[in-house]
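Both complexes below contain subunit A, partnered by subunit B and then by subunit C.
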Partner chain A sequence: MTASAPGLRRIVVARMKTAMTYRQNVLLLQVIVILNIFILSRLWTTLFEGRDTVAGMTLHTFLLYITVVNLQSWVFTDLTVNEYTYQRVRTGEVVFDLMRPIGFVPQMLAHMAGSHLFMVLSVVVALPVVLVVGTLGAPASPAALALYAPSLVFGYVISVLLAVLTSMVAFWTVETSGFTMLYRLINQFFAGTMLPVSLFPEPLRILAGLLPFQSTGYIPATIYVGRTEGDAALRALAVQGLWILILALATTAVWHRARRRVAVQGG
Partner chain B sequence: MNRPFKESLSLYWTLQKAALRAETGYRFNFVLLVVMGIVYQGSGIAFVWVILSQFDSIGSWTFSDVAFLYSLRLLAHAVWIVPFNQVYALDELVREGRFDVYLLRPLNPLLQVITGRVRMNILGDVITAVTMFGFAVTAADVDWTPAKALYLVLAVLGGAAAEGAVVLLVSALSFRFLHTWSAHFLVDNVFLLFGSYPLHIFGTATTWILTWTVPVAFVAYVPASVLLGRTGDLSVSPVLAWAAPAIGFLWMYAAYRIWVRQMRHYQSTGT
Partner chain C sequence: MSALISVDGLVKEFRKVKPHEGRLGSLRTLFTRRYEVNRAVDGVSFAIDEGELVGYLGPNGAGKSTTIKMMTGIVMPTGGTVRISGLDPWRERPCNAAQMGVVFGQRTQLWWDLPLRESFRLVGAIYGVSPADYRESLERFVDLLDLGEFIDRPVRQLSLGQRMRGDIAAAMLHRPRVVYLDEPTIGLDVVAKDRMRTFVEETSRAGETTIVLTTHDLADVERLCPRVILIDHGRVLYDGDVQGLKATYATHRELVVHLAPDESTGRTPAVRAADVLGAEIVSQEQGVARIRFEASRIAVQHLIASVNQNYPVRDLSIVEPDLEGVVRRIYSEGLTP
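Our next item is the complex of A and B:
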């Protein structure tokens, strides 16, 4: 594993350079996220008129939640690795990736790491604009910050595992663009980017509880703003841990089958 | 360039039919893309429904009002996207030098661009638009008169022209910049995100920008306000609100003229 580290590092750097080359695309996608934060902030401010709290949050806390959850989702729902895998499998170039001394899944992880690092940098650059259109603020308390850090990391790991899993669809179907767009839409909605999961109507809320997406957005963001705290926060962390376990097992199982699919195709 | 309009139109149908046959060859992908179109266009209104199941109104607009606005925008979008969807692929044609052929043939280049291929997810857009409008129009609180019915038809066409004009302008950038998908993506999102809500909730400055620099307001917000009798909320005068379709057509005319001018900047690939 240590021998493969320089190779993986090179993939990370190469991916960041690619993102840098197409930075105008990153910039425009960034504008869309900022517009989304602006629209949702205005919308919820309008809906708050005449109310002190909604879903147990004051207006300020609610808008902070909306901003935090959308910034997280911006980095987490990046589709670079889905598009990359699709291209490699479709053209058959994936054969070369499979011949490399490093496994294909670690290569995918390295591509994602590079892409996400660049996204984080672009988020940092955009923060002054986000401050104007959205709401930024410190975590609710030192305890909230202490719980937010692991929850964010868990949320990130879940997103990465989900991205690897959904990328592997490319091994089964010839066309993935429709699937990935649909997946992204469902992912963002159930992660609570437009409204907190607690405001979903009953059937949707039950469904959200059975899906892993709220663990990537809603859970860390409500911990950040202090809406989920104490025992509830610890239980939420446990649920996130469980999802990591389930998704890691699923990824391993699916990858075993996907690898065989390539052999069947004959390269 | 100078072919009679009627002859161009019959050529358009022949080319579209051929393109449709090519697309239906891949049945599974066809179905998936149609479903995708339905879910994508329907998700916005689902969000509004979720909100308004717990709140009474958005900026004094009830669910049936917002649904009417939303479906009016979808309808205008569908009217534009069905014939013109290939405009989005212009940058690829330019990049690969395939635009050469269009300049050599004795037919309007824009007409050739839009008949190059049919993207089938637009069928999902059309199904969603028509179905949703069917429901919204019966639920909406509109006192229908012949004048209002005529205005509705013109407003859908004018709205299609207003959105189409901006997309056409972005596509004209292809002749200079070669990559335009992200700009298209941004423009689509501006129309989709802002166009789905009563604009006045975003404040005066934003409303002004989305009325006078990008004609988002004229796609559905202004016409819906007229038909719902809510011109009081508008920042434009009632007279101008009734003239909304004409503003869409003016935008389209200007955009087409600019597109033709920008075509002169086309440089082939040299291969």
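Our next item is the complex of A and C:
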């Protein structure tokens, strides 16, 4: 692993440079996210009319939640590695990745790291605009911040594992763009980017509880705004940890089968 | 000394789902799967010594790429063994990967959106090339392949010839012991092809790099490869030098006769089969007769004498077989010397 560190670092750098060459694309993504936050904030402000709280949150808390969860999702639902894998498999260029002395999955992780680093930078740049169209504020309390930090990291790891897992679909089907779009929609909805999971109708809420997506959005964001605290927050962290374990095992198993598939069926 | 590359009884079978035919065929295929086994590589054996430059030939679908993929460790053999300097490419993939370089002419390992230089840096980092070695290697390749004028241009802006040169450099920057070149001259113009060949020739001459060259361009082979391995239907048909290949398979020469018109009638006569017994008249058009004969059975001077005696000859020439003709014959007719 240590021997491959310089190679992986180089992939991170090259990926950031690639993102830089496509900065119009990044700009467009910024516009989409900002618009998203703007529309949802207006919508919920209207829906709040005449009420003090919805789902136990004041308007300010609610809007803070919407802003935080969408900013997270901006980075977390990045599809760079899905597109990369799809292109590489489709053109057959994946053979070059497969014949490196470094494993394919570490290479994918490095691609994501580069892409995400660039996106975090673009989030920071966009923050002043977000402050105008959405609602930014400090975490609910020092305790909320202390719990938010690990929860955000866990959420990030989960979304990375999900991205690796879904990217590998490319090894089985030739066309993945439809799948990827559907996946992104499901991911964002169940992560609670449009409305908090607690407002979902009963069956959907149960479903959301069975899926990993709320661990990437809803859980860290509600911890941030102080809606999930104390024991509930610790339980949420445990659930996130469990998802990391499950997804890590699933990723290992699927990658094993994907590599075998290439090995047996020929690249 | 044992060989650097040894391939022994290598077999690769692919299993494909065989669809049911007729109505509801696709539905039946979904539930009851029938498999069709296709043997892409069927007992291939050969050994290549350190520093050799070997042409690996065969028609499309002969099993060349599958063999290469097994040697590079991407594809797992169904049977037989491959050893590259003692390593099993499938089981010891990372170690084997560190000492090899690969060019697939139809694909590129270069980073499409970034300057060419960036791809070189990546290769240097991935293979752990020290900064000093990297500088020296890069300088050499920039010099040999003339990369200077476009090394800072994004790869997507390069011409095919430039891209291919970049790909070769990227495959060899870490000084691999073994290099697999799969159609490195495909689609290149005459000048670019020549430059590529010169480069391969010079690299091989240094003696430190073992090169396996797969190509459909037999001019590449004639110029570069002292030795060829010819495969078809997953089996080795021939393993030896180019001269031997010609001697074994190209047993026929062709006598081309240009006939003059008959002085009295003004008509050009036709060569009759009876006057060239034992040989075969391949074609006869506009006063040019092409006569194919087996060099070991018919003495060429007798054939010429007979033709000269019976016909007004303007010009005579003997066509020696070229590699392309030989290989074309083997591909289309199979193994019959």
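Rule of thumb we're sticking to: the second predicted complex is superposed on the first by the 266 of 267 C-alpha atoms of A that agree within 3 Å, B and C clash if a C-alpha of one lies under 4 Å from a C-alpha of the other, contacts with A are read in each partner's own complex, and residues count from 1 in each chain.
Simple rule for what comes next: a contact is a pair of C-beta atoms (placed from the backbone, for glycine too) under 8 Å apart; a residue touches a chain by one contact, two chains touch by 3 or more.
Fair warning: this is a prediction, and the values are worked out from it, not measured in the lab.
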Fit or clash between subunit C and subunit B when superposed on subunit A: fit
Touched partner set for A:A238, first subunit B, second subunit C, both or neither: neither
Partner chain(s) touched by A:M194 [first = subunit B, second = subunit C, both, neither]: first
Which superposed partner A:Q24 touches (first subunit B, second subunit C, both, neither): first
Touched partner set for A:N36, first subunit B, second subunit C, both or neither: first
Which of subunit B and subunit C A:R10 touches, first, second, both or neither: second
Which of subunit B and subunit C A:L131 touches, first, second, both or neither: neither
Partner chain in contact with A:M181 - subunit B first, subunit C second, else both or neither: first
Partner chain(s) touched by A:A253 [first = subunit B, second = subunit C, both, neither]: neither
Minimum distance between Cα atoms of subunit B and subunit C in the superposition (Å): 11
On subunit A, the residue positions that both subunit B and subunit C contact, one per complex: none
Residues of subunit B touching subunit A in the complex: 26, 28-29, 32-33, 35-36, 39-40, 43, 47, 50-51, 53-55, 58-59, 121, 179, 181-183, 185-186, 189-190, 193-194, 197, 201-203, 206
List of subunit C residues in touch with subunit A within their complex: 12, 14-15, 40, 66, 69, 72-76, 90, 94-95, 97-98, 100, 102, 104, 107-109, 111, 113-114, 118, 121-122, 124-128, 154
Subunit B contact footprint on subunit A (complex, rising order): 24-25, 28-29, 31-32, 35-36, 38-39, 42-43, 46-47, 173-175, 178-179, 181-182, 185, 189, 194-195, 199-201, 204
Subunit A residues within the subunit C interface of the complex: 3-4, 6-7, 9-11, 14, 17-18, 21-22, 91-93, 95-96, 98-103, 260, 262-267
